[in-house]
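All chains are identified by letter, namely A, B, C, D, E and F, in their written order; residue positions are counted from 1 within each chain.
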Amino acid sequence: MKALLIRDLRLALRSGGGFGLGLAFYLMVVVLTPFAIGPGRAGLTSVAPGILWLAALLAALLTLERLFALDAEDGSLEQLAMAMPLEAAVFAKALAHWLTSGAVLAALGPPLGVLLALPLEGALPLFWALLLGSPALSFIGAFGAALTVAVRRGGLLLSLLVLPLYVPTLIFGAEVARRGAQGLDYQAPLALLAALSLGCVAAMPFAAAAALRAGLR
Amino acid sequence: MHAMGSIWEYANPRKFMGWTGHALPWLWAIGLGLCALGLVWGFFFTGDDFRMGSTVKIIYIHVPAALMAINGYFLMFAAALIWLIRRQPVSALVGRAAAPVGLVMTLIGLVTGAIWGQPMWGTWWAWDPRLTSFLILALFYLGYIALWEAISDQDLAGDLTAMLAIVGSVFAVLSRYAARFWNQGLHQGTSVPVVTGGRTIDDYFFWPLAITMVGFFFLFVALVLVRARTEVRARRLSVLQARQAI
Amino acid sequence: MARGGRRLLSGVSLAVTRGTALSLHGRNGLGKTSLLRVLAGLLDPAEGRLIHDPEKTAYAGHGDAIKASLTVAEMLGFWADLYGAASIEPALLAFDLDAIAGRRGEALSAGQRRRCALARLALVNRPIWLLDEPTAALDQAGQAELCALLSGHLNAGGSALLVTHGAPPIDCPRLDLEAFRATPGEEAGAFAEALE
Amino acid sequence: MDLGQYAFEVLAAYGASFALLGAVVATTLIRARRVRRALEEAEARKNG
Amino acid sequence: MKALLIRDLRLALRSGGGFGLGLAFYLMVVVLTPFAIGPGRAGLTSVAPGILWLAALLAALLTLERLFALDAEDGSLEQLAMAMPLEAAVFAKALAHWLTSGAVLAALGPPLGVLLALPLEGALPLFWALLLGSPALSFIGAFGAALTVAVRRGGLLLSLLVLPLYVPTLIFGAEVARRGAQGLDYQAPLALLAALSLGCVAAMPFAAAAALRAGLR
Amino acid sequence: MARGGRRLLSGVSLAVTRGTALSLHGRNGLGKTSLLRVLAGLLDPAEGRLIHDPEKTAYAGHGDAIKASLTVAEMLGFWADLYGAASIEPALLAFDLDAIAGRRGEALSAGQRRRCALARLALVNRPIWLLDEPTAALDQAGQAELCALLSGHLNAGGSALLVTHGAPPIDCPRLDLEAFRATPGEEAGAFAEALE
């Protein structure tokens, strides 16, 4: 499993710089926001947490889409299936994905929040929300990616399948960040968010592996 | 030794290694010397501005860095054109060498500006057109570097990054105009218009600033040339390694 | 055995003893690849069962599992790690890959990709090899190397099933699957019977 | 030398800039030396 | 060229993306916005046009990666290059992309805007802005996709290259929508937006074809 | 001719007269595919030039250009439209694809994919065919069909260059490219001489 984790990290890094790339991508989304909604601080403050979550979601969709599809096309997936339990393979791949997307974003979220005029006391909740919430995005996305391999209908379907699954995570995540920014108590949604992530990390590899197995047939 | 037929001779890799080898010590000396002179003069021997107080001293770094950040992109644009039209291999490598240096200049401009903004405007960051264009410039640099990194075939990477640099330049200009349209902004206008020669800044601050600007320019050129030489050697090395592998 | 509701082969019963190889052939679309995938445990048989453990098989199919951005050494290293092989030396040796060990997947020729895919077999310590058209894209030297690798494996007590259209790379009995072709009327799958 | 109330800002700006400049100069020189060494070795192997 | 357009539309529809994906992404952004900002109407109204534009831009990104990469991997791209001028191929593919993303979003923008408390008189300008602006998104995106065909899993890299190029389009587009919503005159930015789109439609196929040609070598 | 700064073949000079075919061979990674791509106009030669117009060539390479979600008939129809062929009948006939015309790309076996890729040649009205390992994955019947298609093309005054590792599908002179192999010392690209 470690070997697969390393391979996937390497593949991600080779496609243009890994962590630096994630940083640049999030920065870019943040830079676009004031162009869209105007440079006024009030407007920015109100959308900041939402925009950051949107960026996280987009980064997940953009990079997960072909996570299994590429391996399935070139025959790597069947080789993996013969070499190790597919559940472990899914776990390693989703973890690698999270390390290069969600984890980067959690670290960057607070400074990016400052750019979007998020009040300083909102930085910590935002960090926690992103850190605890983003694993759910990677693991749910892995399930979606596995499904598209199974239905052999090409990867666009993936986004369509996964988007609704992302809704709870995003709602809780944005709620934590918003309450934090307004100085309210954010324990409850944060706990829910963490529970959601934990559930996804635990369960999704099994669902995804089942889907992949169906896809190999 | 044949006669120097045209200026393009200097871009032949071997010639390039030759003349840059001779020029570099001078470039380093002038660059570092002028930077030191200008910065020491500006930091220790000029007084404070009546509005900005001692923060005016930041100008001696902020402006030269901003200048070189923009010129670095021009250099990449020119190198890209030369590579696509004349296919001088060294020009692709100069573009590649300029990007990280330009990025660092951009970062220096951003960081000093942000630190300056806190006392002057009461905020680290405002979505002012000039500031925003500058941030986008940093992202252009990052994209360019990332594309170089992502493509292993060097000639292909040279072609694609050159196309990116050219199309990117067009859009950078467009963005600049669009950004004016979008927001008026806090940042002051250009006070040393190079084109017209006039200036609105006091002589008192001007001379040390001018010296650091020249110093930064030479420092920039020296860094780019060293990096370009390294790239030439790296290419040669990979050719040798491929040959030894067969 | 069926694909997409079409029954393909029926009544196939194979037993390969240790140290021997068997070469399968038959026309395009007959179901050779599907059969190997059933034996590898990647596909469920429509009926019948496997008496061996799929964990004991190594499968090399039409896909080469080459990653464009990894070098040959990195790819082989990955599989070595996964299968617990100590070093990639045997694989490099088996297909003379030393010269291109540092080359990336995207810069390989068709034959070099195939060599890289087959070289994996030298790292996998499993007794039953299932090879689907292993000689495609290989030159004469590559076929000889494959032959050497195969006979080493057979001599060590392993066994192999080969699918080829031309001559098999190693001397071995041949089996024509045409005889097991399911008659077109026979349909497989729950829905096929449901309506009758 | 009196920087007044803005001492921190001015020094921070200078410090950050020197750090960034130093970093780019250092990485440039280090990589230059490493590549030059490697190349010399390869040339020696080729010629020797 | 018509044949290629039809083929690409068919592929998009079959792979489940087609019209559905843009729609789903858009809907989701609209659903999430009130959660992220908190449901006050005033706040929503002011950010609505911007959010819709941002969503349009990000939706365009989702499908860009596949524009040329899939064809390059399976050998279709070289066959296309031999059968027709690559400029025409790029044009047809970018057009197909626009029809399945930008055009759909233009049609959906106004009703979704109403969900986000956009004043009714803002609907028409929003429609025009999206309709006239989104071709630029597809054609600029095609250039980015052509640059990154050689990069597997290059979704993030592609976005990083393309998003800065989207800035002028976004500025003018959001400006039209904002002015429209406030009942101001929006002719000037709309004209600029249309000119920009026209320029991109005319010039980008050449740039993209040059990049593709380099990549085939 | 060079790839990635490595010079591969030098001094190759080919002329194929109308109505004849030539079969090229050589070991893996020698540069056969690269040579065909140069002739097809997809790759620039490091030096030398083409005297034919790449517009006159049809190229069938290692990639099959099969789309998973389109049916065989749809794919062939697309190429027919593009090349202005009136109907896909000749292609279906040439490789006996009628039975699988309605099947989607994802459900094709390796040989069926190849047939589908080769069938495209029956729709393209170009005199010079460049075929890279066309027989890979084809069964005996498929090879006979390819042979028939090829001789039809040659009889109509076309010409063909074939790359194969085994026997070529049609009787024709063979050329071993090994003789043109560039000596390893020769390097291509501006950086080779740079520092000497």
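Observations
Keep in mind that, in the parts below, a residue touches a chain if its C-beta (ideal position, glycine included) is under 8 Å from a C-beta of that chain, and two chains touch if they have at least 3 such contacts.
All of these numbers come straight from a predicted model, not from anything done at the bench.
Same-residue interface: chain A and chain E share over half of the residue numbers found at their contact. For the criterion of most C-beta pairs in contact, the winning chain pair is A-E.
Using the average of C-alpha coordinates as each chain's centre, F ends up farthest from chain A. Comparing mean CA positions across the assembly, the chain most remote from chain B is C. Work out the mean CA point of chain B and of chain F, and you get 48 Å between them. Per-chain Cα centroids separate chain A from chain F by 43 Å. Once the centre of each chain is set as its mean CA position, chain B and chain C turn out to be 55 Å apart. One simple way to say how far apart two chains are is to compare their mean CA positions; for chain B and chain D this gives 16 Å.
Counting partner chains per residue, chain B has residues 136, 139, 142-143, 146-147, 150, 153, 182, 233, 236, 241, 243, 246 touching two or more of them.
Touching two or more other chains at once are residues 62, 67, 69, 100, 106-107 of chain C.
Along chain D, residues 39, 43 each make contact with two or more other chains. Within the complex formed with chain C, the chain F residues making contact are 3-4, 26-29, 33, 62, 100, 107-112, 115, 132-133, 136-142, 165-166. Touching chain F in their complex are the following residues of chain E: 2-4, 6-7, 10-11, 14-15, 73-76, 78-79, 81-84, 216-217. Within the complex formed with chain C, the residues of chain E that make contact are 150, 152. The touching residues of chain A, counted against chain E in their complex, run 11-12, 15-17, 21-22, 24-25, 28-29, 32-33, 35-38, 43, 46-47, 49-51, 53-54, 58-59, 61-63, 65-67, 70, 73, 148, 151, 153-157, 159-160, 163-164, 166-167, 170-171, 174-175, 177-178.
Across the complex, chain B is touched by residues 1-7, 9-10, 12-14, 16-17, 20-21, 23-25, 28-29, 31-32, 35-36, 38-39, 42-43, 45-46 of chain D.
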